[in-house]
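Chain nomenclature is as follows: A, B, C, D, E and F, assigned in order of appearance, with residue numbering initiated at 1 for each chain independently.
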Amino acid sequence: MNQWIVFAILLPAVMAPVLVLAARHDIVLARVLSVAACAAQLALALGFFVSASSEPPQMYALGDWPAPFGIVLVLDRLSALMLLLSGALSLLVLLYAIGGWDARGRHFHALWQFQVMGINGAFLTGDFFNLFVFFEILLIASYGLMVHGGGRDRVGAGVQYVVVNLLGSTLFLIAVGLIYSVAGTLNMADLALKVPELAQGDRAILNTGALLLLMVFGVKAALVPLHFWLPGTYANAPAPVAALFAIMTKVGAYSIIRLYVLAFGAEAGASAWLAAPWLLPAALVTLVLGMAGVLGARSLGQLAAFSVIGSMGTLLIAVGLFSEQALGAGLYYLVHSTLAAAALFLVADLVSARRIVHGGQLDAGPAFADSGLLSAYFFVLAIAVCGMPPLSGFIGKLLILDSARSSALVAWIWSLVLGTSLLCIVGFARAGSTLFWRRHGVGDLPPPEQDVSSSGVLPMVSTGAILFALVMFTVFAGPATVWLDDTAAQVFQPGQYIDAVLGAGGINE
Amino acid sequence: MEFLLASAIGGLTTAGVYLLLRARTFSVVLGLALLSYATNVFLFAMGRLVTNAPPVISTLATDYTDPLPQALVLTAIVISFGMTAVVVVMALRSYLESDSDHIDGNGLAQAGEPGSVVLPVEVSEGGR
Amino acid sequence: MIDHALDFGLAAVSLALLLNLWSLFRGPTTMDRVLAVDTMVINVIALIVLFGIREGSMLYFEAALLFAMFGFVSTVAYCRFVLRGNIIE
Amino acid sequence: MSLLLIVLLPFIGALFPALMIRVGRNASAAAAFFATSLAFVLLMSHAPALFRGEVLQAGWEWLPGLGLNVNFLLDGLGFFFAALILGIGLLIIVYARYYLSKDDPVGVFYTYLLLFQGAMVGIVVSDNVLLLLIFWELTSLSSFLLIGYWKHLPEGRQGARMALAVTGAGGLAMIAGMLLIGDIAGSYDLSVILQRAESIQASPQYLPALVLILIGCFTKSAQFPFHFWLPHAMAAPTPVSAYLHSATMVKAGLFLMARMWPVLSGTEAWFYIVATTGLVTMTIGAFIALFKDDLKGLLAYSTVSHLGLVTMLFGFGTPMAATAAVFHVLNHATFKAALFMSAGIVDHEAGTRDVRRLGGLMHLMPVTATLAMVAGASMAGLPLLNGFLSKEMMLHEAASTAWLGQGWVLGTAATIAACFSVAYSFRFIAHVFMGPIRKDYPHHPHDPPLGMWIPPAVLVVLVVLIGLFPDTLAGPLVAMVARAVTGGQVLDYHLAQWHGFTPALGMSVVAIVVGTLLIRSYPRVRALWTAGPHPEAKRIFDGLITGAVDIAQRLTHGVHNGSMQRYLAVMLSAMLLLGYFVFASSPNAPGTRALMPASAVAVVGWVLLMGACLALVLMHQQRLLALVVVGVIGLIVSIGFVYLSAPDLALTQISVEVVTVILMLLALNFLPKRSPRESSTVRRLRDAGLAIAAGLGVGGAAWAVMTRDAETLSGYYLEQSVAGGGGSNVVNVILVDFRGFDTFGEIIVLGIAALTIFALLDGLMVSAAGRRLQSWRPDQARAADRHPMMLAVATRAMLPLALMVGIYIFLRGHNVPGGGFIAGLVVAVALIVQYMASGFGWAAHRMKVDYHALIGAGVLVAAATGLGALVAGFPFLTSTVWHLDLPLLGELHIASAMFFDTGVFLVVVGATMLALANLSRLGRHAEHLLVNREPMDVDPSRPSFAAGEH
Amino acid sequence: MNALLEVLVSALIVIGGVFLLVGSWGMLRLPELMSRLHAPTKATTLGVGSVLLGSIIWFARVDGVPSIHELLITLFLFLSAPITAHFLAKAYMHVHVDAETRLPRPGEHGWSTYDAAPGKGDEQVGEG
Amino acid sequence: MNDMHDAEGLQADPPRRWFPHPVLSALLVIVWLMLQNGFSLAHLVLGIFLGWGIPCLTASFWPSRPHVRSYRKALSYALLVIGDIIVANVVVARLILFSRPADLHTCWVSVPLDLHTPEAITLFAGTITMTPGTVSADLSADGRSLLVHCLNAPDPAQAVTDMKTRYEARIKEIFE
């Protein structure tokens, strides 16, 4: 048993109370500890990545109770990938946040660590009630982070965010209850074994539970019509928080991939590919609505938020195709869109903070500091987000389009993916040319010295680092896709996962 | 008994959803509270119903109910307690920030747009 | 005999609870309703104790104990709210 | 490697000006020039091999899984275009150095320009169509930057966006087309695709692929009806227009048609789509050009026309026509670039590009005039110049090709286009340079510095030389390119001024005569034009974009109107619909489980619960009452748990209930005490409908489940609880042992909740809301005594009792109902009651506990318990039971889970107290209340009280 | 002995039931809160006390030792009932009773619900 | 901030710091054994530990501990009250069941207090509430009168006298 697995959860879980205890009144210490924890987290994730690349899925039985009775954590290629992504993102965005955002309210770093804990837990757990618990952890931490710094609009949006998610949590419990009531288990691997053998008469309950669960994950993944929470939340959340939230939507996507391939996939008998007929059409609508939102956005925050919805649509198309090839493509797009969305929120913040009066509104304003570098950042991101060559967004879309060939909906997928790219391009071109080219008001004066928390070098550098990561992800697309295709292949062999959890070798090693 | 419980769950859900769809944060919080009752009882009912067979091991007991749903419900109760607390305080903060406890914001205008009207700070007058 | 007594007791408590529900509906003042709930809690304690006797189990005692401790707290909280607005000042 | 270097050099070159923005114009220009010339030299070094008919290839794997590889291919066609791009690029770099003013950010300009150059070179040497697509879209992006270079000009911004939208859209279509082609050919490598002409043309996917790829080509090459972006791109600085919009980028579409010619051409579809589009574009472009007063606008439409000409030639699908097309690309590049540069000089020197304000410049700037007039004559297709040669070839091909079976159509149309072409060229020459000198030029025009006229001069020399010695100078090149385009066909032709009296010559003569006449009677022609309708493409496009944005905004802001109620209603409806549909469409067998009889007490409980639900719905607007009623519901749920064998649940529910009530009351103090009735009846009915549907759904699901049997995991827990978990309360053993990890998460949720509440309230005090709170007035009357004596006294007596009960519940939890969570709430409530009774000031002073620390310590204790197992070599949270044999006291069992439960206990106490204590601060803050020193207001035993002191 | 205990327990249960019923009935029957208050504070408390006593004796019969912990519940109830009644009365008076017209005047100072204590002002600035 | 009280409550009387409330401790041990619902040596040891510990922890909540002069009188008072409660309930039950609400002589009376300590006053007020037809509703702002609501008191003055003689006098003996 890989003893390190649990530390992906424990490290932030212990660091957070330490931050509360020791560094509550000392922001410098809090920053040092928090960054150190995130760095350690990233190192750990790298270790997992290496380990998962060469080994079959690994299981960690908490409390030494065998599955399906105790809770297990499972590290396979997919979860290792997600952990690495979350580790890298949380570290980079945290560096941005310590440029000043973290000091605008209390307990930022503790909440940050808890948020990371929840995310990592959701990626590792092999038990779907435990998944509920980690969902709640990441959600409640996100509530705190979302309203960090306060303000009328932010708190108002925060209330809506919380209420929608509480409804989601309610549904989660109902779905878990329904599945447990007929399958009699909470362990995902065990469920995968039980689903095919379930009595025919119980299938209505099982399927209903499973698809309600899809809606729960759909809420997280901003799947239309469950996406309503996202625009207000992302557009109003503090920038580093919105950037970190980029991985939260992926928790929803990850859960869909995990559960509906493992337990409701090819071997699920009468419940095989249960999610497919629902997910794909919804994903297409999500894509359209998201990219239309990019075109219709009135502020940078909205632009970024809707681009997240659009990208989730694209990602879920790949997921909804439920094929190995499409999943490989989708995973590439997942990594890309997470990094791109995060950077976009940071750039939006850097710009808004410098446009003192106009903020993030998409209208002409006076010249502002650093507009040269920021326009370059914005341009690169626009390319990435819209899926224009040469960046990873293009490659991701190309991979997805390529993988959609065998789908019955291929014409829809191709025309909508490409058509919405145009909406995105036009939207970003309008936004960028208005923000960076149009000048209105006092233009020649240098902007007055301002107390923006995103001033200084660190935010610029950390944003640049994410962009650099995107570029590297493009350059090394070859090896990346090979790795991701292998990952998809592993996901599509549930036997490996099940053996790891329930196999003879797994119990009480 | 099963029918009573099922219909009770239905009643709680109905009242909860109705309140959830009201326009004020307070009603919404009440609705969520009812929904969480409904959910907890629902989850509990997934262990099927037995009376006087608590899952406490003893030599006298002849039968035990399924303990797992109970443990899950306990966790769910605690979590929804925490959530309720947060949403109540957040709703309060929101009310104090905007002087309105209407759950609907200004739509996307919340993103700090020119269109969003900033209401003058008003002071609610006491009834004394 | 004890069974009949328990039947009677349970019936009486049940009826009392229904009366409390009626009071809750009728009011007319808030304090009437709070009183109805407070009484309901006490009736529930009796119900639990009777149930414990019937089932011959002491596992329900703590529930009654907590009701006794906490029923009073929420009633006082409601009253404090009416009196002062702030229940903790 | 050399191929890669040719592509990379411009990109590398782009970096330097970007990094040297502060170094100055000359340095930037020099860096750009150096990089470009290096690439040019490298390219030329391959010329001998290419002229020998060799094809150079190089490749690196990038994304083999997809078939996207960095494969380059240099043949005659690629060489020809690359030479044009790099050669004219060099001239433009020099020209721009003098053209741009001191205020312009020159470094940025060269960066963009080289970025574009690299992308163009990439297009023409790509062997992989996906790679080609990447470079293709990069040209759209870099041209966006170049067109918008003068960002203060609104036309520049609009033009840039329009160009990006149109060419970007074409690029997207092309992605689909290329994916289709790749699928048919089984590879994305051109060298493979070009071998698969037959299978491609036979494929049912041929037509969609063709159309999609052509959309890409046509948008890029400004073919009708996508031509309109090009004139608007003229807002760019003239070097950009000269480079992108005459010589290179717009030719990318032509290049691709040439590149794919062997595979795609030769079918009817190809002929009718491409040739017709080209013909229409050629004619319309020439016609509109005649009436453009802006010099660059005139040249832009002329370009559109010439691009149409080339397109039409490719469309004919014959090798000879393709050869003519290639030759015209070369000729057009030379004269048009020269013309743009001349126009730029005129603009630069005279201060205007408006033809109506110019004239007579020949006398003031003779060098420029000469250059422009020679190039213009070539554009008109006058003999002895290169334009004449390729136009003759075009006319010949047009005259000899039938369209829909009609032989005359193409010839006639081409002649008409040629007439207009002559006319606008003459107008350019006559109305700008000839005539008398005017007095009203915005600036005083004179010939520009050497650096500015040398680049057009170089081109004009080429125009003349190619015109005079076509077979010598251009022959081998054209032959080589034509071979590449047509897939190696060797043709019998030669380039010459004189081919005898051919129909084409006659058509040329007609064109020159009619063109001259049109210019002589220009005012009348102009009047006719002015009288007619001018469907302006820009307005249509703007309308489209505005419409799209408008729809998008309406959709976006209409759907996301901020109404939480609507969001929830939609989400709920979706959940219900999906749930019902799935349930109804999956097999379901009714349950067979023996049901449990309902006792009378249970029925009463049911009545109470339903009554309370009803009361709540009816009374929810009176908020305090609503809270009271929710309390009743909690009460009944709790006894329900008692009745149904779940004592732990009952205890938890009871404790949580009271804390929730306190919390809600603390909040309600500041909220309105009533909810206004705002929803319409329809809305309420809709909500009620949704609510009932939800109730039926959830209740029905519960019924469906409860009435059937199932096998679960419970047997294991019941067996292992005592043996493995060391406790007989199975629920508690599950919580702290079997599924202790859930509980670990659960206490963290509580901790986070408290921290969040703390942060929210702490932030509130210093925010606008805090200031609002300062001026807040209570909306209900306040009783006079804050801390009545009886409560203070009674709670004091209860405190030790309650603590005792708390400890009792904690200690027994592992074996009988209870545990850390409930105990924590009991203790927290006992403490909260002290606050309520004796006041915050007095009570807080007596509880000097840092609740933050309590939360932190609790989580750490729980984690440490789990980690203890790790130290012993077991997984996290593995439990142990220690059996201690104590004298007198007997055997003592201590489960490690107890320590875990201690963590739970601490977190619960800390979180509850932190949340409630901080929430209570608001009230004192709002009412400016001072914290109390005394626990009760009325205390006759207090000396100070008796004295009535202050 | 056992039969006697059974009779005793049965009697206690019946008496308790009667008092509980009377308490709740009185609440409905009496005209105004102050009068209603008398019913549950006394009858209901005594009723539950009686039932608890029955329980103590009953478990003594079953297990051989009296189950004395029910006494604790009784203790809590008897401690809390007067406080509850006192507070309900105060809250009711605060909202619904006019001290000037309906209440006897205690002396120089009024009732504490309406009038501040004479020595008030011993609070201090700042948070605890 | 409240150093004055600390000085008063803790430092002035060092022995109390370590064993602040012997009687309370004893009570708590009994309560503990009651909670355990049985007796064992282990329970007793733990009970004694808690009986000592909890008062120590909560000592600051008892700044001036009530001084009971006679535990015997306290016990007899308790018995008296229990008896009265039973009687009171029968009386009230009869009123509820058999009298017409209109016939009830409800009234407010003000009971002047001879008691001074909060504990004594509270005990008195509590007793009044638990016994025949009376509910103590409020304390006067000067702490010298108790407002009592009588369900059926044809003679209010007599009711006041009854309360004072039957309960207040006895409480005074216990505490003061």
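Some observations on this one:
Going forward, a contact is a pair of C-beta atoms (placed from the backbone, for glycine too) under 8 Å apart; a residue touches a chain by one contact, two chains touch by 3 or more.
The shown structure was predicted, so the numbers you read here are calculated from the model rather than taken from an experiment.
Rounded to whole angstrom, the centroid-to-centroid distance between chain A and chain E, based on C-alpha atoms, equals 56 Å. Chain F has its Cα centroid 40 Å from the Cα centroid of chain B.
Chain B and chain D, compared by their mean Cα positions, are separated by 36 Å. Centre-to-centre separation between chain A and chain B, using Cα means, comes to 26 Å.
Residue positions 1, 31, 35-37, 125-126, 139-144 of chain F are each in touch with at least two other chains. Residue positions of chain D touching 2 or more other chains, listed in rising order: 556-557, 560, 562, 564, 568, 572, 627, 643, 647, 668, 698, 701, 705, 710, 712-713, 717, 738-739, 742, 746, 749, 752-753, 756, 760, 763-764, 767-769, 778, 780-785, 788, 790-791, 794, 798, 801, 805, 816-817, 840-843, 845, 924, 929, 932-933, 938, 945. Across the assembly, chain E contributes residues 18, 25, 37, 45, 67, 69, 72, 76, 79-80, 82-83, 86-87, 90-91, 94-95, 112-118, 124, 126, 128 that each touch 2 or more other chains.
If you draw each protein chain as a dot and join the dots that touch, the picture is not a line, a loop, a star, or fully joined; it has some other shape.
Contacts between chains, counted with the stated touch criterion, involve the pairs A-B, A-D, B-C, B-D, C-D, C-E, D-E, D-F, E-F. The part of chain E that touches chain F in the complex is made up of residues 18-19, 22, 25-26, 29-32, 34-35, 37-39, 41-43, 45-46, 65, 67-69, 71-72, 78-79, 81-83, 85-86, 89-90, 93, 102-118, 124, 126, 128.
Here chain A touches chain B in the complex through residues 129, 133, 136, 140, 143-144, 147, 150-153, 155-160, 162-163, 166-167, 169-170, 173-174, 176-178, 180-181, 186, 231-232, 235-236, 298-299, 301-302, 359-361, 363, going by the rule given at the top. Taken in their complex, chain B has these residues touching chain D: 1-30, 33-34, 37-38, 40-42, 44-58, 64-68, 70-75, 77-79, 81-86, 88-93, 95-97, 99, 101, 103-110, 121, 123-128. Interface residues of chain D facing chain A in the complex, by the touch rule stated above, are 61-66, 68, 130, 133-138, 141, 144-145, 148, 151-152, 154, 156-157, 160-161, 164-165, 168-169, 172-173, 175-176, 179, 183, 545, 548-549, 551-557, 559-560, 562, 564, 567-568, 570-572, 574-575, 578-579, 582-584, 586-590, 698, 701, 704-705, 708, 710-713, 716-717, 720, 724, 737-742, 744-746, 748-749, 751-753, 755-756, 758-760, 762-764, 767-769, 852-853, 855-860, 863, 866-867, 869-870, 874-879.
Only residues 784-785, 788-790, 792-794, 796, 799-801, 803-805, 807-808, 834, 838, 841-843, 845-846, 888-890, 892, 933, 935-936, 938-941, 945 of chain D touch chain F when the two sit together in their complex.
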